[in-house]
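Both complexes below contain chain A, partnered by chain B and then by chain C.
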Partner chain A sequence: MFDTALTAADLLFLAKGAGVTILVTLISVALGTLLGIVFGVIRYQVGPWWAAPLTFVLDVFRSVPLLIQLVLANAFLGVVLKLRMSGFTVACGVLTMYTAAYCAEIVRGGIEAVPMNTRRAARSLGMTWRQDMTSIVMPLATRVALPSWIGLALGVMKDSALVYVVQVTELLKSTQILITRLQEPLFLLMICGAFYFLISFPLARLGGYLERRWTND
Partner chain B sequence: MIEIENVRKSFGSLEVLKGIDLTVDKGEVLTVIGGSGSGKSTLLTCINGLEPINGGRIVVDGIEVHAKSTNLNKLRQKIGIVFQQFNAFPHLTVLENVTLAPRKVLGMSKAQAEEIAVRQLSHVGLGDKLGVYPTRMSGGQQQRMAIARALAMSPSYMLFDEVTSALDPMLVGEVLDTLRMLASEGMTMICVTHEMKFAREVSDRVAFFHKGVMAEIAPPAELFGAPKDPELQKFLAATH
Partner chain C sequence: MFGYTFQWKQVFARLPQMLDGALVTMQIAVLSMVIGIVLAVLLTLFRQSGSRLLSGIATAWVEIARNTPALFQIYMAHFGLGSFGIHLSPYVSLLVGITFNNAGYLAENFRGALKAIPETQTRAGRSLGMSPLQAFRHIVVPQMLRIAFLPMTNQMVWAVLMTSLGVTVGMNTDLFGVTQDLNALTFRTFELFAVAAVIFYLIVKVIQTAARLIAWRLFRY
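And then the complex of A and B:
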């Protein structure tokens, strides 16, 4: 097993791929979550009828496989709109919308879980809609939504492996390049898996930590 | 002064308030009694604009509650309301529950809001619970916290919507004592309640609601001593 052709330079190459995976994930999850909060609040606030167009668009992003979204978005932006965009930008854009589509549902569910009576109590104290949203609804909805959101973030991190189709060399693509050269697929996939684990583990633990901290109330 | 003129309110095809006329003067304690579905709780949520009305008008200190131009958030600062469910903010400590609105709505500093909150919480007997989360407290304590939370906004009026109905019988007394204390301090109050003894003791006037109509209103001695309305006679016979 230790008889391998893998060099330190190859490991560095994998680490760079992991860096790209982290970067794509961070950007997409951050922007996607912000957008998801906006979409989720809109969907909750305007009711199912007025939100129907938005719901439809989000449904598309949730139901079409990510691989297809990436290829089509790349072709559409490059060939139809003739925009010169890097694969990295396209990847972040598509993953952001993908995250936002799922996050909007998580946010809507979280808001719905806040009891109407609690919100009435806030409004009866003279608090505005905005103050009720920021001081009461968001903190309470966050507690409900956190486990699903952690799951989403971890899912997006792993799904980001698909961005190789728009020429972004992230962790899995880097691994495949090495496999082609070294012909040691199992060993390299183990290392690749270990990298994914190292990236996910802190996030999963952060979720556990926050949940424990919030159970006092 | 709260002036209620011919107020009508429907939920769908169900008319729950069928033209209510009522005036509550400053310093008065009015209790509202009546069976379930008589519209008494709905009236309270209409007074502070949490519910729209379908006819008539409600005027609080010269401001028409349901007029389009009325800033409800501003108006609600002077009308405190406490509900049947305690509606504590579960993610905040007792002290934070009470300081939230004074800080956000009135723009008080943290120190200023805490000074008022500590005073109000001590007033309702929760001076030793400041750092506790509401879910760790009994229903009676949570309800007293809700009263302190409303009082911290220095309201001119307090509305109480069956505040003891969700409480363990053992805990009703402590909340009623708090209401008695407020009444004795001259707070203008409208209390929707099923506690007849309480209504008899603290009220200046008692109103009896039946099927969306205010069937009778009189000082407690008169209303309980010599009820005129036949429905009220039945209601009192059933609750005594």
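And then the complex of A and C:
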């Protein structure tokens, strides 16, 4: 098992794949979180009745497999609208909406966890809605939401393994290409798995730690 | 409007095939969930057991399942085990991969739920003359199920969505696999996958509604 045909060039190829995985994750999580905050605040602000259409759309993104979302988006943009878009753009777009759908839920939960009396107190002191949102709700809601958000970001990183379906060669796909060529599946998969694990595990631990620390007060 | 003609008729003609695929998808999801729950209970017990070896195995399982992509786990079951001379069919690889994933996530849920039940509950049960097993079975388990029920529902939904990954190891009888094969025949990619998406959405809604009904029936005092 230890005499392998893996060369430095192959390792570089894997590293490139890992770079794509990280890049796709960073872009989608950043944009998705911004969108998710907007959607979450809207959903909370307008009430369940008027937010129903938005709730439904976000729910679809959470109830349809990511693989199908990617294939559909690719087919819709490429074949139906005949737009020329790189797979990378499509992947980032779909993952952004996917992140936003989950993030909106987390944000709404965070806002709902802020006691109404605290907010009323803020408004009684003469704070505007905006001031109340930024200096009262945001700090308190972040405490509730951050651990789940870390979980979401890690989830998106793991789910980004599916973007191979729109011809983006990320880490798992580049591993598979090497497996086909070198015929050493176990060794290569171990490298790939170790990479995901080394990123995910410490951050997941951090999330768990913050959750424990922040639930008491 | 788009310069593209949607052809839904061809897709609806093949709906029965896709529904058969949906049945296979459900079958895998349910099987993986049932086996996953059994394994998760074992893993939870292993972690509580105090034996270093057992809790080490259980912790490794849970952390690997939770910190690597599900697709990676399915690859491991298919290509990784293949290196040891264990060649699994696509169906079994998919089932093994998803079950491994389910068991890891569920074990963590169960542990969290177990922690949320105060030690005094068990002691109260014991004071009433229950055996340790009776106290666990009649006092701890019902409360634990109550806490872990929602995460379990979510995991079931995840299991259904994860079956779509089977296509990567050559699975062609589940909903995604069938759709992929029909796509190769007809090239109506958008229409076919839109219908598949609707079927997946409906399956998820049925599961969530059923879970809500079961929770309402089970957890009322």
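Methods note: the second predicted complex is superposed on the first by the 200 of 217 C-alpha atoms of A that agree within 3 Å, B and C clash if a C-alpha of one lies under 4 Å from a C-alpha of the other, contacts with A are read in each partner's own complex, and residues count from 1 in each chain.
Going forward, contacts are C-beta pairs under 8 Å (C-beta built on N, C-alpha and C of every residue); 3 or more make two chains touch, one makes a residue touch a chain.
Just so it is clear, the model here is predicted, and its values are computed rather than measured.
Upon superposition of the two complexes on chain A, no clash is found between chain B and chain C, which fit side by side. By the touch criterion defined above, A:Gly126 reaches chain B but does not reach chain C. Annotation for chain A, partner touching more residues between chain B and chain C: C.
In the superposition on chain A, contact of A:Arg143 is made with chain B only, not with chain C. Using the contact criterion defined above for the overlaid structures, shared-chain residue A:Ala9 touches neither chain B nor chain C, since it reaches no partner. By the touch criterion stated above, A:Asn117 is placed in contact with chain B alone, chain C being left untouched.
Shared-chain residue A:Phe76: touches chain C; no touch with chain B. In the superposition on chain A, contact of A:Ser135 is made with chain B only, not with chain C. Between chain B and chain C the least C-alpha distance in the superposed model amounts to 24 Å. Here chain A touches chain B in the complex through residues 115, 117-118, 120-128, 131, 135-136, 139-140, 143, 214, 216-217, going by the rule given at the top. Of all the residues in chain A, the ones that touch chain C in their complex are 60, 63-69, 71-72, 75-76, 79-82, 154, 158-159, 161-162, 172, 176, 179, 184-186, 189, 192-193, 196-197, 200-201, 204. Considering their complex, residues 48, 50, 73-74, 76-77, 79-81, 83, 85, 87-92, 100-101, 104-105, 133-135, 146, 149-150, 153 of chain B touch chain A. Interface residues of chain C, counted against chain A in their complex, comprise 2-4, 63-64, 66-72, 75-76, 79-80, 82-84, 157, 161-162, 164-165, 167, 176, 189-190, 193-194, 196-197, 200-201, 204-205.
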